[in-house]
Amino acid sequence: MRLDGNSTQVLFLLMKKYSIIHIIGIVALILTCIPIIYLLLQAFRPTETVLSNQLLIAYIRNTIIMILVVGFSAGFLGLTLAWIISFYDFPFRRFFKVVLALPLAIPPYIAAVSYSDFMYVNGLFPRLLGTFGITKHFDIMNIHGAIFIYSITLYPYVYIACLSFFKYTSASFVENARVLKANWVKLFSKVGVPLARLPLVAGLTLVIMELVSDFGVIDYYGVQGFSTGIYKIWHNYSDFYGAIRLSAILLCIIFAVVYIESFLRRRLRYFTTSKSKSIKLIRVKNARYLLIYFTLTLIITFIIPLIQLVYNGIYAYEKIWNIKLLQVTLNTVYYTSIASFICVGISFVIANYVKGKKGIFAKTISKLATMGYSIPGVLVGLSVMFTFFDVDKLLVPLYRFIGIKQKVLVLSTSVFVFMFAYVVRFMAVSFNNINAGYKKINPNLFRASATLKQSTSQTFWRVDFPLMLPTLLMSFLLVFLEILKELPITLMLKPYKLETLTGFVHTYTHNEQYSEASIYSLVIILLGIITVSLIMLFREKKYVKS
Amino acid sequence: MKKLLLIFSAALLLITGCAKKETADTTATEPTPTETTVSSGDQKVVLYTSRHYDTDQALFDAFKEKTGITVEVKQGDAKALLEEIEQGGEDLDADLFYTADAGKLAQAKEKGLFQTIGSDVVKSNVPEIYRDNDDMWTALTMRARIIVYSLENVDPAQLSTYEDLANEKWKGKIVTRPSSHVYNQSLVASFIEVNGLEETKEWAKGLVSNFAREPKGNDRDQVKAVAANEADIAIVNSYYIGKMITSDKPEEKEAVAKVGVFFPNQETTGTHVNVSGAGILKSSKNKENAVKLLEFLSSVEAQEQFSSANFEFPVNPNVEVKNELLKSWGEFKKQGINLSILGENNKKAQEIMDEVGWK
Amino acid sequence: MLSLKNISFYYNKNQMILQDINLEVKQGELIAILGSSGSGKSTLLNLVAGLEKVSVGQILLDQKDITDVVCEKRNIGMIFQDYALFPHLTVEKNVGFALKSYKDPIVDAMLKLVKMESFKKRYPYELSGGEKQRVAIARSLAAQPKVLLLDEPFSNLDADLRYKVRKEVKEILTQANITSIMVTHDIDDAYDIADRIVFLKQGRIDRIEEVKATKL
């Protein structure tokens, strides 16, 4: 890494023009985009296989159906629950507020396996019916079942987004509407729905991205979706680049949708009033139906899969429940925390860089950086790995120079790449959250800091950081939850000795030993429950923005 | 600024902290290829595997006990592992590729990822038909893809061959898992070899039209479907039956008690078998150790383990099967084809399955 | 001491936001820039502060060209319309923000100047509009800028308070003897406390008027 005079000068000019924190932001942004760009570029490689149009159309049709129905049901569930909890008062309100977010702790694939077990012949549900003299079982392994599973495991994205949005914004709207004596249906449809467009879109974007990138549920349920096509081309036709091309097409579609959506949203103005003291909750006189709705939702989305897992786990309890499980759990918490920390840190500097930029470049490239969330994890893992194979080959002279002999794949086999792959995959979760957090902060504060002689980096630590701290913690928890549930990247890039919870779930489900897998799944869910509870109980500092 | 540096370096330290341990381990244990005399201290062999059995790990532990060589296992999806091996090339720290499908092994050979094993011990342990022609890989265990039938609805006298399952009399009575799974791909691939392309296509078409439901779930789910009278016949791998019989879950025991096991094509071409096997990678830096591991896994001692704990058939003919279930199934006639064919025909098989609508 | 020479500003050339602005500001002077909304008056302040870059022209401060100097190095303070107090910091920490430590005696001096000594430990959300205003001024002055810019400083106050605060501000500024530019759309604000008034119309200076009337 020798620099001649010229490049030193360029570097110096660069340092002068941009602050260090911005340079870190740019570098992080570009780094995150590289694997995604790599993926897009690979898509242009010539490949032989073409899936028949008929198949492709079936895949696309099924995926679109799933997106639409899951989008609607997850949106409906998330929005109505958040709406009622934000503005109405009824017994057990605070309890429900937390527990309704808990399904987020259950990986969709695990929910899928548990539910089909629960409903099928000899399952708990048919046996329960049996005690009433009804012999009936249900086969939910089909597209309806898949839609159901995605809806119940993904709706909390919408729910949480709506909850935190309602907390800040809409008191005046709702209060005005209430003064006008609108009934609750009108209040919800005329005020709630239009008002919640922003969090609804944000939540649904995550839902859809996760849905299209998932393969586990639809493979198990035998549903032919777009990701089936990606896997089929790769696994069955051995055409890796064909698979990448297909996922690049998907990527472009998602990218276009996200871009158009944010473009349209630009024209909308939101009145983010500062929180008026505290919203007076509307007392619900007869809460019976409300409680039935909430309890049913809780049972269906969370309790049932949990019961099934506990039931399965009982059989393997003694085999697995030992010190090793504790060790694996601690390992998992350790690496997940570090990875989440890095992910949030990188998202933060990128968001800081993007926030002041009006130009189209920064916006576009930051959108691109979040696209990893809609690519199947295994492809993200491989493209990160391959990108760094190439980087390593470039850096060989450097490695020799600093005394690493023989070894070529230094970076790509390091923990760095393991962690970095998570960043590429989950950028959408942390970046979008942090970006939304930035929008809540009065931009004049940053400008005021500049007029008070603070450089961008100083402002970053003295203004951005303390004000964003709650948002950062929140993002940390959200990413933690994602990495906790993540499988393909973990499996592919983890150091050989690192034993993880998802690794064991994979081993045992692959082996069709569901009892053993259930114990590990339960530990994941338990950690998830703790994380989700922290998210929901999290209180922001009481100062209100000026 | 100071704070920034502090946090940054703290994070870096944390990362490199766990990274360093790793690299220290590997550099310490990595012998240079020329060093042949081995003091069996911290020797290792890196195994890329798509198999996930506890029993495998038990064997690796036994191997370590015996030779002092640590088996570093990297588990993963076979395809993903192969991509990594291919892209990483010579630089990758990987010695062996171990997977549960002969087709995949053949593909790895075709891509030039293997080197010759060159071990007389392996050759004497494993019969020629279970080894690659060019000594690039060897099978270690075997499983049969068999017919499971409903004891209630099917008289086993009605059963004869896989080919017969395309007969109209089975309309709406057969279940199996999706075509995305390699077990079914290899089944069809073997048929292309045995019966020819056209006949296989006709057969697959007939089979699909006899499906009781859209293919879904895994092999155990197929058995459960037969037990639930949703279908009369399922095509599944042999060792799952053993696992269900010994399952902790009463539901699985109940389900498997309602079905019978049938080895098809005994009078004709033989039951379809597939193998788990391994080959030594070109990138191997611990070839000696890799050879030792293969020799160990094909030895009588290890082969007994495969059959008794995991219900797989041993490939070493000297092993006396002690497992009661396997014993009760007795000897059976196997498809006599060269297993490399499974890899060669994989793509054609896939095309056929897509064409006839085997989802 | 502050001169604006041929300043123009635009995002694209067909849409000039400011055009050919020439202005000389004398030491200790308080200039009001008066214009309707959309006249470009806030943009002008941002250009002087360095929060936006001029498209054409030069800004000189004490004969030095500061056109390309970044905001934090210009030594020009600014009071924002919404005061932009840091919500996570107490009054004294806000005021001491530009200083090495909030225990610096300047903080006390400034708080005394704006008569806010007893509010030291309060947080911004505990203050009224007028109090926030004073803290904002103290905070800017503590950085000891050469020029102070005020963006619609009275627009968030109701009418009766406005008159009182206006006087207080003028008094503080005079005491501090600081050169100031204030942007307003309210003609009373301008006449009441400014030394000169610049009338801005559609991005151009319409006229400049001396205010001779005795004030206070």
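For clarity, chains are labelled A, B and C in written order, and residue numbers in each chain start from 1.
Here is the rule we go by: contacts are C-beta pairs under 8 Å (C-beta built on N, C-alpha and C of every residue); 3 or more make two chains touch, one makes a residue touch a chain.
Keep in mind the model is a prediction, meaning the values are calculated, not measured.
Peer 1: Graph of touching chains, which shape: line, ring, star, complete, other?
Peer 2: Shape = line; chains linked end to end, path left open.
Peer 1: Report back the single chain whose CA centre is most distant from the CA centre of chain C.
Peer 2: B
Peer 1: Using the average of all C-alpha atoms in each chain as its centre, how far is it in Å between chain A and chain C?
Peer 2: About 44 Å separates the centre of chain A from that of chain C.
Peer 1: For chain A and chain B, let me know how many angstrom lie between their CA-based centres, rounded off.
Peer 2: 34
Peer 1: Which whole number of Å gives the spacing of the CA centres of chain B and chain C?
Peer 2: The separation of the two C-alpha centroids amounts to 76 Å.
Peer 1: For chain B, jot down the residues that touch at least 2 other chains.
Peer 2: In chain B, no residue touches two or more other chains.
Peer 1: For chain A, which residues are in contact with chain B within the complex?
Peer 2: For chain A paired with chain B, touching residues are 20-21, 51-52, 55, 116, 120-123, 137, 139, 141-142, 219-224, 228, 231-232, 234-238, 240, 312, 315-316, 335, 338, 341-342, 345, 378, 381-382, 385-386, 389, 392, 407-409, 412-416, 419, 457-458, 460-461, 488, 491-492, 495-497, 503, 506-508, 510-515.
Peer 1: Could you list, by residue number, the parts of chain C that touch chain A in their complex?
Peer 2: For this pair, the touching residues of chain C are 49-51, 70-73, 75-78, 80-88, 97-98, 123-125, 132, 139-140, 143, 145, 149.
Peer 1: Mind pulling up the chain A residues that touch chain C in the complex?
Peer 2: 442, 444-445, 447-455, 462-463, 466-467, 541, 543-546
Peer 1: Inside the complex, what are the residues of chain B that reach chain A?
Peer 2: Touch list, chain B to chain A: 1, 3-4, 7, 11, 14-16, 18-19, 22-23, 25, 27, 46, 52-54, 72-77, 79-80, 83-84, 87-88, 91-93, 107, 178-180, 182, 185, 213-221, 224, 227-228, 230, 240, 243, 247-249, 251, 254-255, 346-347, 350, 354, 359.
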